[in-house]
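Should a chain be cited, it is by its letter among A, B, C, D and E, assigned in written order, with residues numbered from 1 in that chain.
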Amino acid sequence: QDSKLNAMLPDDVRKAGVLTIATDAHYPPCESFADDNKTMIGYEPDMWNAIGAKLGVKIHAVSTDFDGLIPGVQSGRYPMAMECISDSAEREKQVTFIDNSYGTSAIYALASNTTISDDTATLCGLKTAAQAGTDFNDVLTAITTRCKKSGKPGLTIYNYPSADAVLLALYSGRVDFVMSDAAAAADIQKHAPKPIKIYTNDLIPKLYTGMVVRPDQKQLAEATLAGLKAIQADGTYDKIMEKWDLKLLELPNPMINQATVQPLPTPVP
Amino acid sequence: MSNPLVEARQVIKRYGNVEVLRGVDFTVQQGEVACLIGPSGSGKSTFLRCINHLEKIDGGTLTVGGDFIGYRQQGNKLHELRENEIAAKREKIGMVFQRFNLFAHKTALENVIEAPIVVKGEKRQEAMEHARSLLARVGLSHRVDAYPAELSGGQQQRVAIARALAMRPELMLFDEPTSALDPELVGEVLDVMRDLARDGMTMIVVTHEMGFAREVGKTIAFMDEGVVVEHGTPERLFTAPRHPRTRAFLSKVLKA
Amino acid sequence: MSNPLVEARQVIKRYGNVEVLRGVDFTVQQGEVACLIGPSGSGKSTFLRCINHLEKIDGGTLTVGGDFIGYRQQGNKLHELRENEIAAKREKIGMVFQRFNLFAHKTALENVIEAPIVVKGEKRQEAMEHARSLLARVGLSHRVDAYPAELSGGQQQRVAIARALAMRPELMLFDEPTSALDPELVGEVLDVMRDLARDGMTMIVVTHEMGFAREVGKTIAFMDEGVVVEHGTPERLFTAPRHPRTRAFLSKVLKA
Amino acid sequence: MRPVPAPAPDFVVVPARHPGRWVVIAVIAVIAAVVLRSVIINPNFQWTVVGHYIFADIILMGLLTTLWLTAIAMLLGVVLGVIVAVMRISDNPIISSAAQFFLWFFRGTPVLVQLIFWYNLAALYPNYAIGIPFLAPHLLHGSVNDLITPYTAAILGLGLNEAAYMAEIVRAGIMSVDGGQAEAARALGMKRITAMRRIILPQAMRFIVPPTGNETIGMLKTTSIVSVIALSDLLYSAQTIYSRTFQTIPLLLVACIWYLGVTSLLSTVQSRIEHRFSRGHIRRSR
Amino acid sequence: MRPVPAPAPDFVVVPARHPGRWVVIAVIAVIAAVVLRSVIINPNFQWTVVGHYIFADIILMGLLTTLWLTAIAMLLGVVLGVIVAVMRISDNPIISSAAQFFLWFFRGTPVLVQLIFWYNLAALYPNYAIGIPFLAPHLLHGSVNDLITPYTAAILGLGLNEAAYMAEIVRAGIMSVDGGQAEAARALGMKRITAMRRIILPQAMRFIVPPTGNETIGMLKTTSIVSVIALSDLLYSAQTIYSRTFQTIPLLLVACIWYLGVTSLLSTVQSRIEHRFSRGHIRRSR
């Protein structure tokens, strides 16, 4: 605990000594329920606990369906939400991001499918799926654009409401490959009923992901950012990312609303 | 003879544009049995329903025991009452329907005790005792726990009479109480009504049972096309009807 | 006289453990009008319903036109028919109910043409013409487009008769066709039935209208407790009933 | 009875007054005004965003999906529901148990599971083959995934599920029709099935229509469950947008506005149908 | 009529045979066996996983949530539904329009939206204050977020929504009771509301129970929508597990088994209640 950091917190949070964070604990390895179905595990829980310790508050994490998440933040029911939410200019109009890592995606296919490779050309004309409303769809659109440019047929894209529905479509042979979070690779491979292979692609961009607060909660955002920087400084951040095998996604110089302050390049199809 | 319980003057009732009652004049004395006869559609039921204000009248005056059922009188102003205020006034008027209308989900006994308990707030025990004595009076002591669907028509109608009597009414209205019954069963209901008349109950009976009307009725009124065409004692009306319409009607009914 | 259209021998019908018909013997000749009388619950309706196999009998034999309605005869074996095979055989038997049972969602005309079209496959045009003539015959030409709820009881019953006649039946069954009617309206239905009898229709009529039974009935059968107690010509039965139960019943009904 | 008395003295009738009503009207009006005002000025509702999306292509496409899915699922539900209801009250014990099993199974499992099951039939049975044993063992065969498109899965899942609920409604309706009607039909020589179709069912409609209105309006919202099989209805289209832009509340408002519109329309249709089927049923005075 | 003929010759009655039935039974049995076998041996169903989770604490906790949410929501729905239905057919135009508005609004919007709305009322109105103007302006006040817990939001959302659907069902039931019953009650001096409570509603129950059974069984599944306000019912608990383990199909099977069990129970209860309310209503022979 750092009393200087503690002083940065808004009065109500500091007095209560508890910070409520909303999440949807259905996305390993970001967060999911442990076998007891009470404890949340994942790199984000580790991170929010570490930051909470620095700020001198207990973290109270609540799992809710995504549809309730943003209204919950906007109504003040939850001061903060954290769910591997990727930062974008559009979203920054609604909430303020405290970015804490990179996020990226990967291509998953059945190992029995030997025609697919890292080369975009091998994907043209196939059926694919991704979770609705995610940035994965932008990648799929980019792949289609490149295929069309080279005179090949584009992708047929299906959208599902959850990551597991996307994977089920892959296992049942309904689609040839899917696009999902790269961070989840280990879990997916471990639990898949059929062998899975993972591919990368030069059209897959890097994004910032972070926690979100209501735009008028400047003070909370600044305090959280300070807490994040503190755990980076003392090496806790490194340990967490290493533990979850995510060293590649470490964000060295976190900021508030980084997607507009320091935009990342988008690969050109 | 100077104590009219029901007094109707120039009662008018319309449904939409149709004038169903076109100025009914009708008086019944305390303790008297008045029979209403007339062809189908002449307005007999409608008039009966006006008496206890199941229908609102559109003209004329209609009092029961000197009281306007649907209004509160203040000087020469009649303030219309609301449905719930009228409900309380209906207690003193019993009504028996052609189709019995017993409460289908309640046994005979439950049918009889229902209104005394929920309307008058009688104690259950008291109401039960009274109900049992009424059901005995109409000859149904052995059927108190039967549901209406398990009773014959005649038995149902007798329960309906007991149900109306349970409210200790001053006036009983009967709307063709036997016309839905098999001929065999008619007798048992008329017997009960005869009995009531003997005990001095004021009754208005719409009926096609000319024998009953002749025997029990103190006066008979013949209605046609929304007016009382003719009235008088049974002897006079049945033997020397004055109006041609009365004559035509009687010849048709008495022949059948 | 040697041509029985309906022949019942020792017909037995049970509901659960209760024997409702306890060996009914009954024969009706072609072109004859037979009336069934008897107290309530004696099994008159049940027997009528057995004739067109709305109820299955549990013993005895019952034929219409020499044909077992519910069975196919092969040698001395009776093969039970399935419901749909029986349906076809019911065509030749018309039935009129006490409560009319007109199809509530269809106009008078539609009620009459329904069965000829869907059962017999008559052309709509033909069926309409026939229906109109039948409705004219029962005096309802002006009400062909009315729904049952818009008709008086007597009118409804006349439509019901026209509906049964539309199937050109060989036999008509009437189950107390006038007992749900106001006395004024009884006449119009009985007139239609008289007319039918005059035209030679074979009819079985359960009725409480003793006047009609006496006038039109060729034979009268008195039923009590599930058996035909006594039968004979109207003159004989009404003036000199042999059985004490017949006597008791007649005295009660004729008095009312 | 007395001789007719002189005409009644002229009373003046004062109509019943309902002072309470006016108070209630006033209170409701005030509350409505306050709520309306706060809804309009409350920045959380982001009315400009609502205005921007209300006629957006993706929303309209979603609405279309909602509408045709509802229409087809209800059609299938009603038709199958009537069949199952009639089977359920059949005298034939096999037919009636088959119907009961159908009811039990499809009412008893969540429609989500049914959808996932149909859609992913291929995970369980990747290929199908219909044939005549020994002669032509593989007359028809192919991949189950080709056979079951998202559309067929959606229609099967929603339709069969709805059929189970409708069957219960239709059964209750049939039981409410007076027994004399069936009797009269049988006495005229109609087969059971004809009597059912021509006489009983049309009269049962009076009892069937109101709960069916409920089911239809419910189905309008239930269709959003097809998102699990990659179809996008009205609500899900809104969700897709706000999961990207985080404008949850205004986009839910957009969906609500459309739902309310369609519901109003359906309610009007319902009362028309109700009116139509009450033909011949004049209620006795109350 | 002829003299009674000699007793009938002894015919032998051969009961109707239904050869079709046996064929159908055989076919159904074969199909059932094939399906059952393929369900049992198909590795995709992962029966060991099903066995592992069927009595898992989290599943049982979810089941409990489902059950009490269904119970409370249906209770609120039925009670409010009856009130709204009675208001809807009131002679008083204000009361009846208020009821109509309620129906329109709550049937017309998705329950998801209603839940989010209630739960996040604070986004719109962060604080509440109830008081007497001028005298004690802030008799009761506080944060709306403290007032509306997930539980109150779930009960309000599901209950009010259900009330709208129930109101329509109750209205249809009331309309089906013979008008003579109300008339008789009025003639005995009962107030409208008494007649409704003691005479009309008990008889309307016959028509109300079957669709209410539908609603209850539907509600059992609808409760899973409370996941948006951080409550976890049976289905959502299963989803929580498989979102981690990706054992989608066996966990859905676990949920289905419980749903089927509860549905069977409810169906039994329903037919008992139906039986009870048919008291005094002997159907005339068919």
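Methods note: a contact is a pair of C-beta atoms (placed from the backbone, for glycine too) under 8 Å apart; a residue touches a chain by one contact, two chains touch by 3 or more.
Since the model is a prediction, treat every value here as computed from it, not as a measurement.
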Min route length, chain touch network, chain A to chain B, equals 2
Required steps from chain B to chain D (each step between touching chains, minimum): 1
With chain centres defined as mean CA positions, report which chain is farthest from chain B. A
Measuring centre to centre, with centres taken as mean CA positions, what chain is farthest from chain C? A
Return the distance between the CA-based centres of chain A and chain C, expressed in whole Å. 82
CA centre of chain A versus CA centre of chain D: separation in Å? 39
Can you give the whole-Å distance between the Cα centres of chain C and chain E? 47
Per the C-alpha means, the centres of chain B and chain E lie apart by a whole-Å value of 45
Residues of chain E that contact two or more other chains, please. 18, 44, 112, 116, 120, 123-124, 178, 180, 183, 248, 285
Counting only residues that touch at least two other chains, what does the list for chain B look like? none
In chain A, what residues contact two or more other chains? 67, 71, 74-75, 162, 168
Among the chains present, which pairs are found to touch? A-D, A-E, B-C, B-D, B-E, C-D, C-E, D-E
Quick one: which bits of chain D touch chain E in the complex? Just the residue numbers, please. 18, 21, 24-25, 28, 38, 42, 44-45, 92, 94, 98, 104-105, 107-113, 116-117, 120, 123-125, 165, 168-169, 171-172, 175-176, 178-180, 182-183, 206-207, 209-211, 213-214, 217-218, 221, 224, 235, 248-249, 252, 255-256, 259-260, 263-264, 267, 283-286
In their shared complex, at which residues does chain C touch chain B? 39-40, 152, 176, 179-180, 182-187, 208, 211, 252-253, 255-256
Which stretch or stretches of chain E touch chain B in the complex? 91, 178, 180-181, 183-192, 194, 198-199, 202-203, 277, 279-282
Spell out the residues on chain D that touch chain B in their complex, using ranges where they run on. 1-2, 4-5, 7-16, 18, 285
Counting only contacts in the complex, chain E reaches chain A at residues 44, 57-58, 112, 115-116, 119-124, 126, 145, 227-230, 236-237, 239-248
